[in-house]
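The chains carry the letters A, B, C, D and E, assigned in the order they are written, with residues numbered from 1 in each.
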């Protein structure tokens, strides 16, 4: 067993739509496999608007969903979305249950050991959220020290809290809560059970609006780099998708998707 | 009025998960049934080795929370065969239920009187034939009340597979909650759906019990 | 191998912390379950019809819906209605009320299995109905219900595992966090399974001993197994 | 009947025109009966005749629909009478013993004294032992009901009733759940009680007992008392032919 | 004994020096016995003597520890013999009937035919009805065991055994679980079978039956056969005094 604090959990996962099985991916011939199947299976954790969520008709919607569908179109294959817990995604792509992960995921060194990442398709910022009537002032991330704070299990934000607040003694371990889902953390902020949560900026904005929360700090100090699509290590699909993303950035497709989902 | 409207839309969205919930429950019960019968027969009629396997399975699995079993099985299953969340979750739940069903069938098998086996042997049935044609059909009827109880427990435990991403009632309630930011509504609807489902199940099982009761 | 030992060294303290929380939740919830289940069980048998009916709705509701949704409803749902419990209170309340419903039903079965003659005999020596329940019926019923309550205690220990979903760092919650931290979910959950096995095993033997000690010649009854 | 005696002293129990129905079944259709102090009355009659019901009326375990009952000077059927107090004065022994399963023999005898009579524990303990002695079971004080034979159980039940210092003892077929061998020990205890002067009302088919111990045998049938008299007369020269049915 | 007959034809069952112990209890201590075709042998003897055990050896429900058993030409105690096949040829009827509770009378008779003999359903159905007819129960074909009287149950059990076309029938106290009134109907069926020429080995205390139907009565005691002979001789002029014990 590799003992690697910081490694992302290995949880396999599965489809939500259809029950046809996907053959395990040989990461090298992935491109051929996807083309042969005529289908790209993308895993996500659909509780993260505006990147990914489920609309009232049960359809997967959001920035990431539009993007991966556009990529699929370019590749000439259909896109099938599979919903699963965020901390199961990496194991799922390793085991070939899904071809790619698109879940507002950031490339961190620990994750990079487990999977390959494409180039970034979107820069990223984090946000500290507090209750609507919160009087806390968070001028810099470290000001969050000593407060009760939550984040989603297995995210870079959770790791940042552990590494920069708990390990430094600013916050005690039992002031930190790990949630299955980001919106659960938001509900706890709203009900006052925790003072703060640390989360990606864009979902923070929509969670704040809908739960009456306040963005206390937008920062890129807690995070490096942007969102990427993850693939199995050594996949030959990476170069292809990198190329498509670059193309989209050049021809304004990304811009259009952004606007369609209300993102700046 | 707005309230009613909201309730109806929420309900309509979540109720679709009912089929998945029922599917998970049925698959889990069926898998548990097969495992339970095998392990139950092994415990009562098997040699030391088989009985030992049956006992270990039943004792260990019953001592561990179903959700932990689901996670272990989910990871193990999915590293061996490629299954959807639905199948992995249902199979795992079935594996857990199998341990409880083992006990149910063991009890029922043991309450079939010894004379039945002797009589079956006396007309030339092999041991296995006797178990299949004489002992099991009686044991199954005797097991029905306890099995019905287990069925409602599995129905309720099927919510646990939401944790591995199966879009059953609870997972769909979570979708609604994430979209509408109204957890109260989402969970109320889910609770009502389950209540209805267990009440109906209980009724159906009770009727089955009356119908198939063994006249002794 | 060395790696694995280091891994254990890192993992076990967290899991032990989780175990303490698991035991705390199970203990408090069971106790609350007794506090609720006892009067409810009595009310179900000896109360007036309207009370029996109301209590019947309570037990049906808690036995008819999944514990997990009950927990989510109480924890995430009720704040929307202006009622906010902290996560431990929510866990105690939900598990306690759930267990209370089951315990009430077990007690009801036990009360009803105390023979009618016991009440008649008690009345015949001049006890009031309430005196008879307290001095004669209940002491017998409590002993009869003990095996069912032992099962309930073990069920409770296992069902506490759902509280990780409201961010309580119990044994299961610790497992979740650890499996996010290390790249070893199967190992983590297997270790956790062993933890539960040991907890349940110890509980089982302790309760068996208690049952034996409380046992009275001639007093036996065992209702079918149920779970929280 | 015992009219001459009744004139001398007050009856301890007096039933006057008792009616009792369960739903549409009329069980008692106007029964009157008096029990004098120290008298032993044995009730006989075919099954379903209302003997048990009549007995249960005396300590109000059944409430008559009509009619009045006096226990010594008190009319216990009058409104506002505390039933529990009445029952303390009337000991009852059942066919099925009904010992408290979770208590030892001694505790069975003690519990009424401590909980109902509010006696202090030490005194109750001593008195309970005495009562067990009286039924010949002091050496079984610490046994639980399940560890006693049927006859022993019934004797504990008698001790339990005696422990309340009742003014009257009611016995409802106290030996009919017993094997013939065990019946004897219970009858012996009852005989001893009778000789000690306890007032007793006994439903029993034990003709030997009735003949030896009863002051009066009362024959019931169909909800009425159809004959009553001293045992010799009842058994040897019955006026109603049916007395023989119960023999 | 039937030595003269034995010389004429082959025995259908031959037991040679059978020993059987359960743990330390020696039950059969060297029993030899032959059964000729169409012969009816009644085994009698005190309880615990090993009669049932001996009977159960014949269809290998018990395996002898020592000794050999032939069924017609086959030595069934030889290694490698298929027990199930042996039991198809030997019908057995138990004291406690042991009807299959979940099956109707007809299905009880059919199941061996379809599952063991692999007969087709239609043929089995017809034959099962015939067998029920033979024991006089065709009109009870669709009743479940719980809906039959004891005597009817036992007759279905006989039909079930007959349905396998056995070469020998074994009866272990087939009437002792029955009320006297119901015993008659079962004995009548057995008598009929005997007259039809069925070879039968019967453990029974029904002396009337033995006297009328048995060709030979065998008296067992303490694990040995202590006397054997035609019923008249056995009952009227017993050589071993103990024969009377079982009467």
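Definition applied: contacts are C-beta pairs under 8 Å (C-beta built on N, C-alpha and C of every residue); 3 or more make two chains touch, one makes a residue touch a chain.
All figures in this text were calculated on a predicted structure; none of them were measured in a lab.
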item	value
Where chain B and chain D overlap in contact partners, by chain label	C
Centroid-based (C-alpha) most distant chain relative to chain E	A
From chain B, the most remote chain by mean C-alpha position	D
Rounded Å distance, chain A centre to chain E centre (Cα mean)	79
Where chain D and chain E are represented by their mean Cα positions, the distance between them in whole Å	57
Chain A and chain B: spacing of chain centres that average the CA atoms, whole Å	35
Residues of chain B touching at least two other chains	75, 79, 163, 177, 183
Junction residues of chain D, two or more chains touched	none
Where chain C touches two or more other chains at once, by residue number	76, 79, 165, 185
Pairs of chains satisfying the touch condition	A-B, A-C, B-C, B-E, C-D
Contact set on chain B toward chain A in their complex	9, 13, 16, 74-75, 78-79, 81-89, 163-167, 172, 174-175, 177-179, 181, 183
In the complex, chain D residues that touch chain C	59, 61, 84-88, 91-92, 94, 96, 98-102, 111-112, 115-116, 144-147, 157, 160-161, 164
Chain D-facing residues of chain C, complex	115, 117-118, 120-128, 131, 135-136, 139-140, 143, 216-219
Chain A residues within the chain B interface of the complex	10-16, 18-19, 21-24, 46-47, 49, 53-56, 58, 82-85, 88, 91-92, 95-97, 180-181, 183, 187, 210-211
Complex interface listing, chain B residues touching chain C	60, 63-69, 71-72, 75-76, 79, 103, 145-146, 149, 152-153, 156-160, 162-163, 170, 173, 177, 182-188, 190-191, 194-195, 198-199
